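Following this line, the structures themselves.
You will see subunit A twice below: alongside subunit B first, and alongside subunit C after that.
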Partner chain A sequence: MFQNRTEALALALPAAVFAALVFVVPVVLLLSEGFKSADQWTLSAYVDFFSQSLNRTVFLRTLKLGALVTLAAAVIGYATAYAIVSLPPGAKGKMIGLVVLPLMISPVARTYAWIVILGRTGIVNQALMAVGLTDEPFRILFTETAVFIGLLQLFLPLMVISLISALENLPRDAVPAARVLGANWFQVFWKVILPLTREGLVVGGTLVFTGSMTAYITPAILGGSKVLMLETLLYQQVTVANNFVSASVIAFILIVMSFAANILLKRIATARNRT
Partner chain B sequence: MTQRLYAPIILLLVMIFLIGPFFIIVAASFSAGDTLAFPPQGFSLKWIAKVFTVESFRQSFAVSMFLAIGGTLTALLLGIPASYAMSRYKLPLSETVRFLVSTPIIVPGIIVGLALLRYFVIPVGLSITLALFLAHTALVLPYAVRVVSASLANLRSDMEEAAVLLGSSRLGAFFRVVLPNIRGGILAAFILGFVTSFNQVPVSLFLSGPGVRTLPIDMLGYMEIVFDPSVAALSALLAFLSIGIVFAAERFLGFSRYV
Partner chain C sequence: MNKLFYLSAAALALAAGSAQAQDKTLTISVYAFAQDEFKEIVYDPFEAQCGCKLVVETGNSVERLAKMEANKANPVIDMAVVSMADALSAARSDLTETIDTSKLSNYDKLYDIAKDPNGDGMSVGYTFYATSIAYRTDKVKIESWADLLKDDVVSHVAFPNVTTNQGPPALYMLGQALGADTPDLKAAIEAVGEKKDEIVTFYVKSSQLVQLMQQEEIWAAPIGRFSWAPFTKLDLPIGWATPKEGQTGGMNVMILAKGSKNQDLAHEFMDFWLSTEVQTKLAEALVDSPANSEVVVSDEVAGNITYGEETAKSLKLIPSDVALDNRDAWLSEWNAKVGQ
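After this line comes the complex of A and B, so read on.
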């Protein structure tokens, strides 16, 4: 450990000042716009924002989709992570690689694929009509279902990775012991696996939830103007309505949720380090 | 029996869901038809060839490359000394510094883009290119600090202390002892930063002007107007590029050790 404070500051300050100037200052200025009206501090912009039913719908839809995607990712994530952890080492590494692979591909490309799959003449509709389940193609694109599917595909890998590391720390004999003692699979999950992997679930859940809440590309491509979420609404408020106050309100909501999630994550991380 | 089938079935279904759409994009980009469709109509390379002839794609590709390489290098130039200060020195206000450099990961990108547009580009006249450069640098900074800090934590600090005791200057110790030992971590941080910056959309949404926009933003704009397979072809090409880079990094560096 070196003691020279001047040297330490000289090394660290450029990065800190850069982040403050480029990031913190403009963002704080933007947020302050939502609390000001004619140079007075006020919450009127927030009252206005939530008094409009479209905004309320978008806000609740964003929360709802975030929650649903997180729930689905948790269910599928446990099934997947459990299957991967039980593989022999070589296969396990390859599977983890395949799960991580989509994270390296541009989200634009990943979302674009769903147009081909879910569109009017897409694969799903072709299959449904071939089987004779429907004569008319279903409208899946530009519905909440499409956005849900797109978000789930985008963020599922984060959940799987978090749960894999949690499951690997599960004591080897915990599950067989519970089985021998007569627990069924549901009880094993609820009483043994879930309590012992809660941290991993919370970490993955936070990543998936904040990711879904603050996603732009998926709702923009798969939801369009019919299924607005907070980020697409923000974009519309600026580009179409030129309403920066409303944009500032949305920005504040997004930042509060993002920070809350991060504080939660940090709490869990420090709690783990102590034990 | 049911238990032995469980893992393969689950994994097959999940992989189809996660990776299947990517194969559809690849297949659609070899189509001979004029609209995006699957199964592709016929086989041709014309859409892949077309990608290289679209002027705006070439321009925005250059912009994105410049941002990804220049932004990441700048973030490393800022981030390596900061990480070093945080791990080896008694740094006053070290929590504040840590918080400041990690904010870009917490604040959604769209807000940063908007804030830069509203307070730097419009009133001060900062050019779009410079605003994009600043935004992408800031965005990569937390990754650079995190990955470099992790490799510094794995390097015993008595090595450079020994070098200093043996008469090397502190700077000399850094360049001769520390830097060669964290080379892998720096390269990993560069690759992670490059991929993150290159694929980034929200931060650049509001930062586009005539002739200056990033490739993903250009693709979003293009697909709103034209529904031909060229965006699929471009997506497939970019995906192979990313996968190639990451695969090579994993193969030669053991990339996943650092991330």
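After this line comes the complex of A and C, so read on.
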């Protein structure tokens, strides 16, 4: 497209300088706090962090909820995306619009709605009691379940959209061909659909996992301080304890976990492809 | 011609006057809440009175104290308002100066507890609040702080997190009710820890409680009087408990930054804020309960704030040195017993 590389680089320069100045430099400065102690480079802040059992619990809980939300989003996302892709064009457009709609509503409003829905007098408990599944309302709010539901609802659309675009690139004959050759639906999914849509799964999975790990509003409102996650702990460290070193440690852990999730998902996808 | 001359002279004088006024600047550091009301009732009228410029910095107390510490050598802030314990912390870090109460014409009008809360002459209380329990009178009976942990109540209780301003006072009173009145709050934290799975939530923001009360998620919660008003607007039978151990609470105070170059102006501002007129207006706007004993308000306003000499005398406040010396221990005890 360009006559020479210099021209292309010159065009990219303003964006690169902007990103370096307002993003890379501050992030490096912030993260370096966690590796310094009295002007010496050290890992002691990380050792301190993981030596406290509360921090370990919070770390594992964040990892667990992130993984569970990603897994649930993938399962529900594939079913939804496949159903939408199979629709005629007009209906498909409308359904995609419906999937995207929640993304246009502020997460604060969406999360507050969950307080009403999941409460003791909310529709979930009312329905459970109406069908006789329980006499007493269940406690859902301020539990890991509430945070899981909130995060799943928040990030599921990202997975569905990624999988729709991947499924649309799936050759039209692939699934019928596999069926004709005697594969059952599970084999069709495992051997045909999954390998051919792995890019969508990697993109969607990374978005959902990273989003779940770094979302603040949902765990803060639906979990409160009974279900501390790394991001709510980070906020507490800054605003209550004024402990920027510990906050920097948490920020670094979150960044590493996001990259690790991306690499891991890519590995899983390519490994499936080879079989 | 003459007219024109006088007009120009007047304009010139005005310009000079305002230029001079702009030279006088007072920088204050306050809580971020109700700033619209403060601007209207305190800041704007004071600027008009002193002919000076007021620079207002806001934030939570941790941030603001950290900033004062960072600028210790060359202070930016002239005066600040903080909690009693934070005032003692600032005094210990050598960030504050003794307040010259002879420059405060309204000082004698203050309730005794507000006069020199930390006993070091470094702070003056400008507002205080009671902390007690808001509860559903048709569902539960609260006569003691220990009632919060009763089997039929505890699963409908929101308890303040230890990191909030209401946390330690509530634990302090719970300890008294349990007969263990020690500054480490160990017994109270342990008792809460034993029931942590049953307690609905450990709240951080009191604004959330109104919705939880409305949804019948909770029936009782220890709160500060300043967050009481919205509960009275719910169409539910909600009462303000008067536990037999008494009510607790907190006080916010004014401090003078060490090395401030505008000490006279800072004193003038403090005196203005403590005046009967300003304190009455702040009370009527339900912003701050008055520390000035001459403030008179209607029964309706009085019902929504912490008001009157009897109330002021009955509050069991945690002494600042106890709060300060134990804060870290409370947090680690809480994290060990309740936080996970």
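By our rule, the second predicted complex is superposed on the first by the 235 of 275 C-alpha atoms of A that agree within 3 Å, B and C clash if a C-alpha of one lies under 4 Å from a C-alpha of the other, contacts with A are read in each partner's own complex, and residues count from 1 in each chain.
Just so it is clear, a residue touches a chain if its C-beta (ideal position, glycine included) is under 8 Å from a C-beta of that chain, and two chains touch if they have at least 3 such contacts.
Here the structure is a predicted model, which means the values were calculated and not measured.
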Partner chain(s) touched by A:L60 [first = subunit B, second = subunit C, both, neither]: neither
Touching partner for A:L194 - first (subunit B), second (subunit C), both, neither: neither
Which of subunit B and subunit C A:L43 touches, first, second, both or neither: neither
Contacts of A:I115 with subunit B and subunit C, given as first, second, both or neither: both
First (subunit B), second (subunit C), both or neither touched by A:V256: neither
Touched partner set for A:A177, first subunit B, second subunit C, both or neither: neither
Touching partner for A:A8 - first (subunit B), second (subunit C), both, neither: first
If touched residues of subunit A are counted for subunit B and for subunit C, the larger one: B
Which of subunit B and subunit C A:V75 touches, first, second, both or neither: neither
Shared subunit A contacts, counted only where both subunit B and subunit C touch the same residue: 112, 115-116, 121-122, 220-221
Complex interface listing, subunit A residues touching subunit B: 1-5, 7-9, 11-12, 14-16, 18-20, 22-27, 29-30, 76, 79-80, 83-84, 86-87, 95, 97-99, 101-102, 104-110, 112-117, 121-123, 153, 156-157, 160, 214, 216-217, 220-221, 231, 234-235, 238, 244, 247, 251, 254-255, 258-259, 262
Subunit B residues within the subunit A interface of the complex: 6-7, 10-11, 14-15, 17-19, 21-22, 24-25, 28, 36-38, 78-79, 81-82, 84-86, 88-92, 94, 96-97, 100-101, 103-104, 106-108, 110-112, 114-116, 118-120, 134-135, 137-138, 141, 145, 157, 170, 195, 198-199, 201-202, 205-206, 216, 219-220, 223, 231-232, 235-236, 238-239, 242-243, 246, 250
Subunit C residues touching subunit A - in the complex, by the definition given at the top: 60, 62-63, 66, 155, 161, 163, 196, 200-204, 208, 211-212, 215-217, 331, 335-336, 339-340
Touch list for subunit A against partner subunit C, complex: 52-54, 57-58, 112, 115-116, 119-122, 139, 141-142, 220-221, 224-226, 228, 236, 239-242
